[in-house]
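Paired with subunit B in one complex and with subunit C in the other, subunit A is shared by the two complexes that follow.
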Partner chain A sequence: MRAAPVAVAALLAGCGTNRPEIPAELLGSNGDSSLAAGCDNPSYPGAPFGTDPGSTVVNTCFRGWAAPGSMDDTDATLEDIGFGAFYDPTHKHYELLLVNSAALWCAACKAEHATLGQHYADLAPRGLALVSALFQNNAGAPADTDDLKLWVDTFDVKFPMVLDPDYQLGAYASAETAPLNLLVDARTMQIMDKWVGDQSSVIWPTIEDELTKREAGE
Partner chain B sequence: MKRLGVAAPLFGVFLLACGSDPVNGTGAPATSSTTPMPSSSSSSTAPPALTCDEPDYSDDSLPLLSVGPVSVTLHDPSDAPIVGQPTYVCGAYVCGRLELTVDDGSASPGIDMPAIKPALKFGDAVKYPELAILMDDPAPGMKFPVLTLPPFPDQGVALAPGTTSTSNGVSLTLAANANPPEVDPTIYGLDDPEPFRAVELPPEHIPDGLDHGAGLERVFALEPSGTELCPPAALSVPNSAGWAPGTEVEFLIQGLGAGDEQLFAPYADWQSIGTGAVDDAGENLVLTNGALPIIYTVGVRRL
Partner chain C sequence: MRFRWAALAATLAWSNAAVAADKPDPGAPAADPGPPVNVELTDATTVIYAWNNRNFASGDAATVADDNWGVWYNRLHAQVTRGAFRFGFRLDNAWFYTSPNPTSGAVELSEHRAATESTTPLPVYFRQKEQEVGQELSNRYINWIYPAKIYASYSERAYDVTVGDGYAELGHGMVLSVRKRDELSSDDTVRGVRASGEMRVGDARVRLMALGGSLNPLRMDEGTGRYLGVDASVTRGWLAVTEAGMPRAISTDFSPQGTACATTRTCTYAPDRVVAGSLTADLGGVSLATQGSMLVRQAALHPDAVRSADIATVSESATFATHDGRGGLALDVAEQKLSYANAALSMPAGYGVYATGSYDFSPLVVQIEGRHYRRLFPLYANVNIDSAREFSQVAWSAPPTTEAQYIDTEFGNFATCVSGGRGRADYALVRGVSAFAWVGYWQTFAELTPNERCDTARELRNDVADLAAGVELRPGDARSRATITLGGRVDESAVPQPTLDGPTRAYYREAYLRYDVVQALGGPFALELHGWHRRRHEPLGPQLPAWWEGEHTTGLDVGEAWAFAFGAEYDTDIRPPTTYFNGTVRYKPTSDSSIGLFVGQRRGALRCVGGVCRVVPGLEGIRLDASVRF
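And now, the complex of A and B:
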């Protein structure tokens, strides 16, 4: 189960090309290495990658729903969604990307998701992108499509919600500590901030301040 | 978000109809009685949902405490190990890894970052109660004594407005105009409504530290955990201690909401929901001054 973070670490240490060579095991829970457009972004910033503020996030790929509720949320409608989909050097669509993790057993994650959608609705028009990754179910087993469906229905999720059964986001936080929130600059894909735990009182003012600065041209 | 308060004056009437349920052991049948309701009008539109106060006890200014790994072992009341139940160390705003109990009932959950109000949480809130023990002075490698958890009864009873639902002698009465209870789908799923079940923790096995100094003498676990009851429901629990009729008691609930959703009680701690007394028959402890706003574990202490 910890293979993915190990692979990420190996990737971080060894990349030298202009774009990340993502190992097959990171290309989604189905093991399908044929990248869909949602994950493969040839213009994505190159290595070196890292996991701490100031470093560039690797273009990690997940399976999920880009717009939950817009159609039947089933296995058949899962699609590849990677960080590369949010890379926006001209900031035409996105200024910031918030990457969030959640687990069904995690009370703090549920509390966070009770208001996450409203924050997203308020700030998406100003350039915030949000993707949340569900990694485990109530028994601590890797999350599956049924778990993801349960989550998006319960919280009426309207932002991209993906599965992370191998806990790829574990590369960014201590083992299975949740929730994780990673603020990424969509222009560069560099990590700006990293918070472990539901730190809503810090996260949202930080994001709003940053968006305000950008709107002011600072 | 705060909502408007709604008075719930009808509980005494409902309680009169449900005060004689015997104290049953695990697996005893649950019962439900329906309070006669006035005949409905011809209108097919559902009445608007009531709104109730949701006091929030979240406080992110409390100190961060470091815990690290801990050891825990779960047994049932027959002293048999409980296998496959979740355990974790969660603070009010962050959770550590989940560990399931193994063949001997043991598990080693932990959290490797400082947390506000770290607590050992255990039980799935489905087959067994979910409880939390706050760690005010945690130390890495803490080993908890064997914790005893009784299972919920196999049979539950539906919760519905205008009915009294009784499980193992614990009775909940929802007002006729109550909102239909909505259980937490992330625990109980979306398909079938989770019934009401209750079980008393054996008093001799109430885990040390569970009451966090509240001086609880009796503890009753209820599910579906986290279900808000609006207006709050009337509650009675069996007088298993054999206290004399008229003995005054206080009822408290243990909060399991986290983050900014610590509604009705602070995370992992106990909050009074009202007072009551042993009924005239000496069979039940009846909450008369207050009501149950959410289904959580209930603790009772004498005043």
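And now, the complex of A and C:
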């Protein structure tokens, strides 16, 4: 009986922990985080990284097609594509990077992709880079190459389109709020704006306005 | 914390002072005691335990953050009335006695990770997901106690003044609609000052109303444990007073404090400010009104077209009633202007026209509603819908839809650029039996794409027809009644749209059956049957085959005190789960108290009431509700 008050006091004091056991296979070293060769960019800005406007986006690696339709879009032609490929501190090729997410179940993503290609065609010559990541199929399961092929063919995609089966973009927004659009300054890889849902009427004027300012040297 | 307790202390002190002032001084000579002091206390309390809700999706952190949590959520409302004076407050508290943690969520995601093209090593994946689950939990399952509502008012026959929280509905909801909606568990108010006065000019009554303050939604979403937080950068000036004691943004290991609300993940609400007014003249059979509101924003927490803008809305209203009281007509004409700091986003002013009329040709009653909206937006709250998506539908206006109350299939920005209407006829067949039917038709240009500028090009148009017919039975027995409705909806794009299965014009199709039946069984017993069964197809939406979705509840009432119900729900959409079962018991020992227990599964869904919608999350677990008033 004497132990009872002690146990109650220990409970009240928050003794013990509900931290779960972490299986050994999930515990790795920092070296695990090295990127695939195709995505690595040694000059990419360093930490700290973040997920909200004002912070630097971490170099993230995907498998996809850099120029869909330019050759057979198959498993064999998937290549490593990372944000590092668009880092351009001298703004020789890129001024802005738009990171977009899509899922087969997502109606707003489809509405957005109906016009995304045309916007890209208009603005790519002015320095816009675009990469879109397909993350789930109709059933909410991870997207695969067949899903990516279906998407690319349906919307006649001509910009880099990648698979994100682990939903790495989940660091930026929940799957429920798809599509995600992340506007990144290609000179610094800092996030400038973040939108969720189909926000075409805001995204494109904002990008055009920013490109115009840069062209004017502001 | 200091602000929170200070506000609570002030509230209680004020309350005590008000009551104490009304107590007679024993040393003073006997005098007119004045009007009595009435004190009314209402307490509504909810205890929830939610277990695994079966929505796991590989890689999706949100689907492991909504399992195995529990809350005690209490709402205490006190009101003190003495003559024309009234003082009240509502104190909300949420205590989460258990909740998931980032590590267990990441372990679950890692152990059930689907085999994919990914080249990410498992330990890296685990760390990524721990960070994501941690972010997801940073503004969920946090304990709070806060003064949800507080008000003091003085009301005479011809005028009234309220300081604190109050409701407002102007221009049929087109100009301002800040109110309580029990069906959606929402209670929005303006926290500030409201005054109105009425005078007679000849036979006419003229009423003037003005209000100003900050907008105050409920800060806790009981279904998900998410809360709305503010910080010092969005509570400057007098907002420091209206936001005193309200839940604050917190800093966690996964979501550190940023330099401002817009860069702090847990800072999810930048209080909107509003000034509004109305002038109403009641001339007997005719009533005329002018009303306006000005919504003033802080920096947008989600920079979309509505949340980035200061919004001015004005409207003129007229209502007419026939002398015999059998007919009526109401007309509202509104104009709305969105103003942006970034001129690149500017767009022309929008407008809306809404009309409704009805006439009783007994035994036939006819009602017709119509709307013509161009760039007429709901006044969405300045909420960060990225990190508080449950609050994405919070809005300070609710333009009329002309749809049936329960319709939840206006997709996208449907109502912001739409023309059309609906006619309904009710015919009394025999005593206690009537039939009804309606036909609606709309053209919307903002369903395929958001189209905020309201371009009315043919390729953006959807043609939508909504039809229904049914019967209402009201037998002589006052305890029995039935309403049965068969309905359908056809939504087609004007030009074929690309889909993953090839081009199609079919945007959405639905056929449904709804019923609400109460049948007295003799003695204290009554049988209740409620259901809504839907066959749905959305080829341009999730690109799924047609699916069935619905719910049925069978209930047994025993007198006024006891009610038992068993419910079954289903959804054959290819995303699991597909079936749900639940049971409910309710006991009302007195007319002012009740206790109810829910056990089982309930699916998540978009619930709409008159065009105001809310995503209600699914619940798989136990929920105990109790309320008492004394």
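We take it that the second predicted complex is superposed on the first by the 178 of 218 C-alpha atoms of A that agree within 3 Å, B and C clash if a C-alpha of one lies under 4 Å from a C-alpha of the other, contacts with A are read in each partner's own complex, and residues count from 1 in each chain.
Assume a contact is a pair of C-beta atoms (placed from the backbone, for glycine too) under 8 Å apart; a residue touches a chain by one contact, two chains touch by 3 or more.
As the structure is a computational prediction, the values presented were derived from the model and not from experiment.
When the two structures are aligned on the shared chain, A:Asp72 is found in touch with neither subunit B nor subunit C.
By the document's definition of touching, both partners, subunit B and subunit C, reach A:Thr154. Once chain A of one complex is fitted onto chain A of the other, the partner contacts of A:Ser174 extend to both subunit B and subunit C.
The partner that reaches more residues of subunit A, of the two candidates subunit B and subunit C, is C.
After overlaying the two complexes on the shared chain, residue contacts for A:Pro165 are found with subunit C alone; subunit B is out of touch. In the superposition on chain A, A:Cys109 makes contact with subunit B only, while subunit C stays out of contact range.
Of the two partner chains placed by the overlay, subunit B and subunit C both lie in contact with A:Gln136. Contacts of A:Asp122 after superposition on the shared chain: neither subunit B nor subunit C is touched. In the superposition on chain A, A:Asp52 contacts subunit C only, with no contact to subunit B. Once the two complexes are overlaid on chain A, the subunit A residues touched by subunit B in the first and by subunit C in the second are 104-108, 110-112, 114-115, 136, 138-140, 150-151, 154, 174-177, 196-201. Per the touch definition, subunit A reaches subunit C in the complex via residues 18-20, 22-23, 25-29, 32-33, 36, 51-55, 61, 63, 78, 80, 104-108, 110-112, 114-115, 135-136, 138-142, 144-145, 150-151, 154-155, 163, 165-168, 170-171, 173-177, 193-202, 205-206, 208-209. By the touch rule above, subunit A contacts subunit B in their complex via residues 103-112, 114-115, 136, 138-140, 150-151, 153-154, 174-179, 196-201. Those residues of subunit B whose C-beta lies close enough to touch subunit A in the complex are 60, 84, 86, 88, 90-100, 111-113, 115, 121, 124, 184-187, 189-190, 256-262. If you check the complex, the residues on subunit C that touch subunit A are 57-62, 101, 103-104, 106-107, 110-111, 113-114, 116-129, 131-132, 135-136, 258-259, 262-265, 302-305, 308, 342, 344-345, 385-386, 389, 411-412, 448-453, 497-500, 538, 540-544, 574-576.
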